[in-house]
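Each chain gets a letter, A, B, C and D, in the order it is written, and its residues are counted from 1.
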Amino acid sequence: MLTTRRPRGREVGLPFPGTPGPLNAITDVPGVAVGFSTIKAEGPPQIRTGVTAIIPRSADAAMSPVWAGYHALNGNGEMTGTHWVEEAGYFCGPVLITNTHSVGIVHHAAVRWMTTRYAAQFESRHLWAMPIVAETYDGTLNDINGLHVTEADALQALQTAGTGPVAEGSVGGGTGMVAYGFKGGTGTASRIVETAGVKGTIGALVQANHGIREWLTVLGVPVGRHLPAAGPPAREQGSIIVILASDLPLSSLQLRRIAKRAAIGIGRGGTPGGNNSGDIFLAFGVGNTVPLPQGGPPTYQLTILDDEHLDPVFEAAVEAVEEAVVNAMLAGEDTPTFRPPGGVVPALRPDELLSVMRRFRRHDGTGE
Amino acid sequence: MLTTRRPRGREVGLPFPGTPGPLNAITDVPGVAVGFSTIKAEGPPQIRTGVTAIIPRSADAAMSPVWAGYHALNGNGEMTGTHWVEEAGYFCGPVLITNTHSVGIVHHAAVRWMTTRYAAQFESRHLWAMPIVAETYDGTLNDINGLHVTEADALQALQTAGTGPVAEGSVGGGTGMVAYGFKGGTGTASRIVETAGVKGTIGALVQANHGIREWLTVLGVPVGRHLPAAGPPAREQGSIIVILASDLPLSSLQLRRIAKRAAIGIGRGGTPGGNNSGDIFLAFGVGNTVPLPQGGPPTYQLTILDDEHLDPVFEAAVEAVEEAVVNAMLAGEDTPTFRPPGGVVPALRPDELLSVMRRFRRHDGTGE
Amino acid sequence: MLTTRRPRGREVGLPFPGTPGPLNAITDVPGVAVGFSTIKAEGPPQIRTGVTAIIPRSADAAMSPVWAGYHALNGNGEMTGTHWVEEAGYFCGPVLITNTHSVGIVHHAAVRWMTTRYAAQFESRHLWAMPIVAETYDGTLNDINGLHVTEADALQALQTAGTGPVAEGSVGGGTGMVAYGFKGGTGTASRIVETAGVKGTIGALVQANHGIREWLTVLGVPVGRHLPAAGPPAREQGSIIVILASDLPLSSLQLRRIAKRAAIGIGRGGTPGGNNSGDIFLAFGVGNTVPLPQGGPPTYQLTILDDEHLDPVFEAAVEAVEEAVVNAMLAGEDTPTFRPPGGVVPALRPDELLSVMRRFRRHDGTGE
Amino acid sequence: MLTTRRPRGREVGLPFPGTPGPLNAITDVPGVAVGFSTIKAEGPPQIRTGVTAIIPRSADAAMSPVWAGYHALNGNGEMTGTHWVEEAGYFCGPVLITNTHSVGIVHHAAVRWMTTRYAAQFESRHLWAMPIVAETYDGTLNDINGLHVTEADALQALQTAGTGPVAEGSVGGGTGMVAYGFKGGTGTASRIVETAGVKGTIGALVQANHGIREWLTVLGVPVGRHLPAAGPPAREQGSIIVILASDLPLSSLQLRRIAKRAAIGIGRGGTPGGNNSGDIFLAFGVGNTVPLPQGGPPTYQLTILDDEHLDPVFEAAVEAVEEAVVNAMLAGEDTPTFRPPGGVVPALRPDELLSVMRRFRRHDGTGE
């Protein structure tokens, strides 16, 4: 899949700020693995959907907590598992993203996967599984009410999750997505952060399904107004899920603050956070390793970055999110619509994008 | 099932304050329907689990919003659908409660049920389903990791939901529950409220799976300390889900405030809100009927009770929750444990309870 | 003042559970100092008001962060400084409680005190002061609209703050308070907690100004209904502020969870959290000492109690809050009303209270 | 003051999107009045501070509720009165903005003003005042620790508040502000919104004191990087308060959602929401008039815009906030620093700004 992939934002010359990690992906954060299950059938009914799985501590044999915080800019969507994130600042298990109507079956599969993979822990203690499952709506390109995602599909995404490069565009949960009137989907980016001598990585993965054409803004350039869509003006129908990860020494509260910055990251892309958009953001941190609750000594130690040094981390989060959305769109391809039938959601063509960017002198680097 | 049911709290003479509705159940709120799917097998493995379904506007042919607010006293649990409740103050569709590891399959079934029942709306518009699914952990009495709840089980709970009396104890999602070291489960109660001439009903339904023996308090009497458990002291492993409903003219913010009062209602029963307990509360209101979003006129009218008159509503909520927990326990029966095997979770025996209540003069009515 | 003080709850024989610290006061937490400024004039106008000051790290010469979380059961009141507590989980500086209309002048004084006491830090860095100032309404006993609290009064509370026994009842901010139709005011209590071998103290200080007579419940006994007030039924007009402190190794999120438990603590006293009551709770922890932000190394270490061991801490918080409210009331004296004039708010008489407690066998210890 | 004012963003030709109201100010919302008290002394010590007052229903003789919601992108600051806004969705009284250390005295003055202006209500009922007072830090230009704002100053801002044009830049609370390394201060803008045939106005007023030079972005153009500051890189020390107002028929929850959009509005200006920045946003609505609580009939009616039609409102809020920040900066003048002494905070010069805008073709209108 990666051999035929389309060029990413930086590859076509977009002058994104900051220094990405080697993969420019969420998998630049050590241990984070990503897997996909992509489900396509030409139909009828047309099926374009799937599951994306993110395993925060993929190298660990045992289940262990991941520090986390979340924020909903506009909670018109689902992200399970957040009550405990809000309360205690951590979660155990994977993060999955799928279509709106497959949250249940994917959650079911995630519980199966957790109780199987960590069977020793689940058998010997009264553990319970509360996986994170988020979603965006793919009913424009996919027969969403047909509930075509199966438990096996979700397990496949988990079982094939790996570190390394991350596929983008119409893969996994991103398969049926539409962003700013163009084909959307899965996108990722990362930043190397150094603050007060503390170095680490922050990575973002988005499932971009939000925005209408006229809102689209790339690096400050009002691209959408210069690439107008044919036909009547659209309404916001979508959503965007943002997952941020970092290996910096961060507290749960700091991770919640980082999650809040995703609002700015997507806002710079043009969306004001539409009413129908489920704009929900999760940030997790693997920088502190502690034993699973219900075991170990009564107290543990956390190493925490002084809040005073957070600004570069916040900037990195904003930048990675903004870039990940553009990457998601550049990886797209023209796709026929399921509902209403007969339409096409076009890919964002690099040449057309760059033409507008050049017009505003934001392509050749002078913009930076 | 109701013919052989055990006597409820008021029937054994507990002097609960306030005036309940005719059924002393959440179904005293007009239109609210409740259904159960109860799954039992002696095994091995022993199965004691199920699904509870609450349909807020059961009489409506079309899907329409229900005003709502929620509160987590201790978010160590799951309740899906709450992001939109928090953001916009309403939800559409049913509320289901099951065991922790069946949240996914029940959510899947709820989506199927919604997209089928309201097919006309889902086909003609880009609607999406975000049902409320909550849970408590039944691994002490049930092979929870066996994932024995099926889509058909959940659909059965929805399809058999009715107005009228509500079964209590080991039914539906409450089948495998343990509360304060006794058999717990499903419980319900209601109150008639009149405030400033505005009259209505507030009903509570709980899935009670929380607390350790020594904490148990009934109407202020430290029952648990006078009915000590054999064996080593237990740890809190459970949770309690509280669903409150009302037909009073209430805003979403007011419903959130009512949901918060469930913390006091359960707290009077003895729990301090244990760390492992998912104490999550939802309050919904059917007192204002408005068309589904995406249709109708651009503005609508809500009738709202002046905040000044809320105190009797808050009291009623506290009282109904406290009583519903006791009802859940009084409906229980001795149940063998699944894990560890060989044990028994005893029923709370009315005679033993009343003996303690009498000792503190809270049985014969002089307490009131 | 302490020599003529009235007997506290345990001294009159109320069987409160748990083990208090040596002072049974918030000052059992090492370093916590409390001071009062009590303002009384017979008038006209009648003045009964004041300021309570709590200094979390009174022994420290430099300003340093205190870990904290807060919760509003019913946010009909003011507590400044909470935005940063919610965001970053700490605050610097003192906590003050006064009447509703003196929040401003007390805040002004607190800023003066901070910028003077920590002048070196404020001069050399761009520090800013965001003190915590909370309030309850004393317009029934005090000419609250006369704004009689001065900057000097507030400074006096801060300057006279000390470790050691804490005065209760009509002192400081508690001077003009009414609770459950009796004279209310300042109350305190503490608990020694040992959990998984980790030992510490949790202390509570309340400014109790909430509830109506018929709600009053002491250790589960419906005292209010057996000590009915003369005259027409009252409406809830008051509020209660709860400050919890601990030297246990706790995170900010854990402190927020502890603050939430104050809802149960006051709820057991009878209030359902009335609409007009500002029921706002702050919990702070001095168990981890770290340098002030804007200095020191880029990362720091926190020691945190495993969540699994929190239940005894939650219980202790609930118990200390419940006891502190009763202590506040037992320290009261009959007080003429300011508005409407000619009335009297009576003290809760120990003999009358105990008579009801005995009736329900909760005085002689058999209740426990 | 207005006769010599500097040209605003639209006047110098910046192509801001959308249609502003007649004044392009928060006072385009009917009834909203704004007043300032500006305090300047050359010193020593140099004083540059003041108070801004916003009266939501300035025409009303009686105190009445204003529907509201708030959001803190980064709660490193103060905004009093928000507990009740969060709980019940309304507030009574004015909104004031000043410097960080004058919150208290301004709150004190606001209580005086409320209890005086609405004396009949405060005397006849047990009303309490909980004004909204917010702040940003002006210690770079002002002797903030000198506490130079007096009660009389704050009263002056309230007493001189008027509808009509609003002064910008170094006036009122904005007097000592620094934004993106330039002189900041008070700024305002508005938008006419028509959605589904419902027409209204949304206005923004900001006290802009946030950001470092390199972050500054105007209409997507990276202005800050092209107008680099002399000297060492700065750290974020500031904050921004955003007040949004509207006469559309909005619920409290909708107003909270509008307040959240201010994060995107300021984020497009370049800030990622720095750690030291108190980025707190309030949105209030005057579109529904209801009697003060404690009076009137037991229920009331609210007219509410269907959520489906909110997107243009969200866009308008984002746009008005972005424009108000630029207006605040364009109204500035070179100002000597107080701490450290000897420096100068420069004004943002229109010609320099426009030079950069032209470079990126965002000045002559082709950009739009």
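Everything below uses one rule, namely that a contact is a pair of C-beta atoms (placed from the backbone, for glycine too) under 8 Å apart; a residue touches a chain by one contact, two chains touch by 3 or more.
None of these values were measured; they are calculated from a predicted model.
Undergrad: What chains do subunit A and subunit D have as common neighbours?
TA: Common neighbours, subunit A/subunit D: B, C.
Undergrad: Report which interface contains more C-beta contacts, comparing A-C against B-C.
TA: Of A-C and B-C, it is B-C that has more C-beta pairs in contact.
Undergrad: Measuring from the mean C-alpha position of subunit C to the mean C-alpha position of subunit D, what distance in angstrom results?
TA: 34
Undergrad: Just the number, please: Cα centre separation of subunit A and subunit C in whole Å.
TA: Distance between chain centres, rounded to whole Å: 44 Å.
Undergrad: Quick one: subunit B and subunit C, Cα centre-to-centre, how many Å?
TA: Distance between chain centres: 33 Å.
Undergrad: At which residue positions does subunit A touch at least two other chains?
TA: Within subunit A, the residues that touch at least two other chains are 74, 87-88, 257, 307-308.
Undergrad: Show which residues of subunit D lie in contact with subunit C when the two form their complex.
TA: So the residues of subunit D in touch with subunit C come to 72, 74-84, 86-88, 100-112, 115, 119, 122-123, 126, 128-130, 133, 137, 139-140, 144-145, 147, 237, 278, 280, 339.
Undergrad: Can you name the residues of subunit D that touch subunit B in the complex?
TA: 87-89, 195-198, 249, 251-253, 257, 293-294, 296-309
Undergrad: Residue numbers of subunit C touching subunit B in their complex, please.
TA: 73-74, 217, 219-222, 225, 235-236, 257, 260-261, 263-264, 267-268, 271-276, 307-308, 310-311, 314-315, 317-318, 359-362, 367-368
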